[in-house]
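Note that the chains take the letters A, B, C, D, E and F in the order they are written out, and that residue 1 is the start of every chain.
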Amino acid sequence: MTLHIVNQSPYRTSALRDCLDAMADGDALLLIEDGVYAAGAPTGIAPIPAGTYCLQADAVARGITPAKSITLIDDERWIALCVEHTPIVSWF
Amino acid sequence: MIFSLVVYSAPHAGESAATAVRFARALVDQGHRLYRVFFYGDGVHSGSALAAPPQDEQDLLGQWQALYREHGVDLVVCIAAAQRRGVLSQSEAQRLERPAANLAEGFELGGLGQLADATAHSDRIVTFGGSA
Amino acid sequence: MSQITLAICRHAPYGNALAREGLEAVLAAAAMDQTPDVLFTGDGIFQLLPDQAAGEIDQKSLHRNLQALPMFGVEQIYVCQRSLEERAVSSNRLAIAGINLVLVQDTGGLISRYQHVLSF
Amino acid sequence: MSQITLAICRHAPYGNALAREGLEAVLAAAAMDQTPDVLFTGDGIFQLLPDQAAGEIDQKSLHRNLQALPMFGVEQIYVCQRSLEERAVSSNRLAIAGINLVLVQDTGGLISRYQHVLSF
Amino acid sequence: MTLHIVNQSPYRTSALRDCLDAMADGDALLLIEDGVYAAGAPTGIAPIPAGTYCLQADAVARGITPAKSITLIDDERWIALCVEHTPIVSWF
Amino acid sequence: MIFSLVVYSAPHAGESAATAVRFARALVDQGHRLYRVFFYGDGVHSGSALAAPPQDEQDLLGQWQALYREHGVDLVVCIAAAQRRGVLSQSEAQRLERPAANLAEGFELGGLGQLADATAHSDRIVTFGGSA
């Protein structure tokens, strides 16, 4: 299963939308950096799959409170996700 | 597990370069092997010895160099991308007749073959892309 | 008579250095008595969110720069209402001490009042 | 068995150096007998448009890099069908000598076959 | 009247959409660099106003044929547009 | 008419830096006055003397320097942005204890006040933004 990593605001670039178009069943999605803006209030821009991960430090830094369906993780868990998945695809 | 990282973004252009070095540190702290960090595109600016951010901002250069000193992490700056952008070793500066060199200690210039080599010798490749 | 300069802040904080560097440029201009007006629009409105803890990613909070604005004579900022709505951000959440937030619907009309626009 | 490496080319030519530098990385890997598969998707499909005259903006045409692919053993490339449709680009226009274009609908399925993905 | 300049692909970033949202009557729009991808076939992403300008060199470089309603210009005409308009706003 | 330009993008990162220098050349060729070019953000890399692009790619540094030589165009690199990114004059390199300087001839380091000054003294400001 693939780990997809998105670091762009969903309002600003197509990275998240492109990523969602390329996700297969069972793939994991991790939001980092400006990607965490997709983890906040429902936006209508791109519905995030249940079980999406979000880097907590980036959300806290920006004052974003992710939706309940999103799993907040730290760098250690990020690395574990990398170990558990292959390939790893960055969308930027 | 053996990781390699690819870094495309210049330090202080956004958050990506800082995320990359933090991730690299976490990897080695957890006992994974970091086979190589390959700096490409604007990422080559990470290897500049001349960056002098204010005291209250992150010293990304120092963090990369600490990974090199403490763990011998292979920090490879793509030579072709670096020439275009003005990141030169002493010998490159002489060969290209430029007035100075700025490649920081701990970094080395290398060809794109080193990226292909990293994919062949790593279990995982993680890319740190640019800011928009 | 048209105003001189409008600074448009369109980038989210931290992910792009332009957010910080834009505010620094605004403060520098104000310090030279050439105080620009400022419009936050697009992802720039995220700069105004409360409770940013940028120390978590080893950065300085942008809020310090925002809070410095009144000291340099910037006592009101324009905020694009449509950008807030698209991002489901309520303007009530955006209080910055000493600064009056003016919600703008007609950004095109606002822009047309200026001689220069700096985009950040 | 899973293939080793897929290179995903997502950027339009000229506006972002990653388009050119991505193709250079693909050629370099192929020259080392580690030929990656290549997927053009998103704005990356614009790299494949015919009749690019990059000399007009004092750049080298990316087409030269594409035309070098077969010499290095890259004889087919994957192209995202949805990306073509979104951009109203017909796949008939994209002929590159010596390269077989394979239209892909299930990019997620394609990606999952690889050990590594390099994004450009 | 304002001159708006967009240098981003309409498929990739929100720059063009943000610009269109901020155009007043009589404003001019110029597409340059990757912005010229908005000048090609109708896309459904963002309808371009009639009378939009497009930097010819950037369109030709990319193999893009702008729609008939778009005016192709060179650098000299771009400068003339700058002289004729104020302010000048870049969207990137 | 009096123009000033603001350049945010690094050379060879995309097309913006090249567009800027071409526009600048067209301005002076048409007899307009180019009061100042202000390099900010990643645009400060334009002032690096160490860039050495291949012979068949654009020499943007040389084109900026020609504008300086032939028309005395004021090429100002923001000093704060440049420190973070490693573009240093000789005196800055000494002051910050960095091993070399790389600010190219024709460019000068200046404060953000020079951007404000440019808006006050120009009829038109044109910004050349980054690539995404």
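Just so we're on the same page, contacts are C-beta pairs under 8 Å (C-beta built on N, C-alpha and C of every residue); 3 or more make two chains touch, one makes a residue touch a chain.
Remember, predicted model here, so these are calculated numbers, not experimental data.
Grouping of the remaining chains in the absence of subunit D, by touch, is one piece.
Homomeric contact subunit B/subunit F is classed as same-residue, with over half of its interface positions used by both copies.
Using the average of C-alpha coordinates as each chain's centre, D ends up farthest from subunit C. Placing every chain at the mean of its C-alpha atoms, the farthest one from subunit E is found to be B.
Taking each chain's centre as the mean of its C-alpha atoms, subunit B lies 25 Å from subunit D.
Multi-chain contact residues, meaning those touching two or more other chains, occur in subunit F at positions 8, 12-15, 19, 22, 41-42, 57, 80, 124-125, 127, 129-132. The residues of subunit E that reach two or more other chains are 7-9, 11-14, 33-34, 58, 86-88, 90-92, listed in rising order.
Within subunit D, the positions touching two or more other chains are listed as 14-17, 42, 57, 59, 115-117, 119.
Chains that are in contact with each other form these pairs: A-B, A-C, A-D, A-E, B-C, B-D, B-F, C-E, C-F, D-E, D-F, E-F. Subunit F contributes residues 10-13, 41-42, 45, 48-54, 57, 80, 83-88, 92-93, 96, 98-102, 132 to its touches with subunit B in the complex.
Of all residues in subunit D, only 14-17, 57-60 touch subunit F in the complex they form. Of all residues in subunit B, only 12-15, 18-19, 22, 56-58, 131-132 touch subunit C in the complex they form.
In the complex of the two chains, the subunit C residues touching subunit E come out as 6, 8, 10, 41-42, 82, 106-109, 111-112, 114-117, 119.
Taken together, the subunit A residues at the contact with subunit D in this complex read 1-2, 14, 18, 21-24, 27, 86-92.
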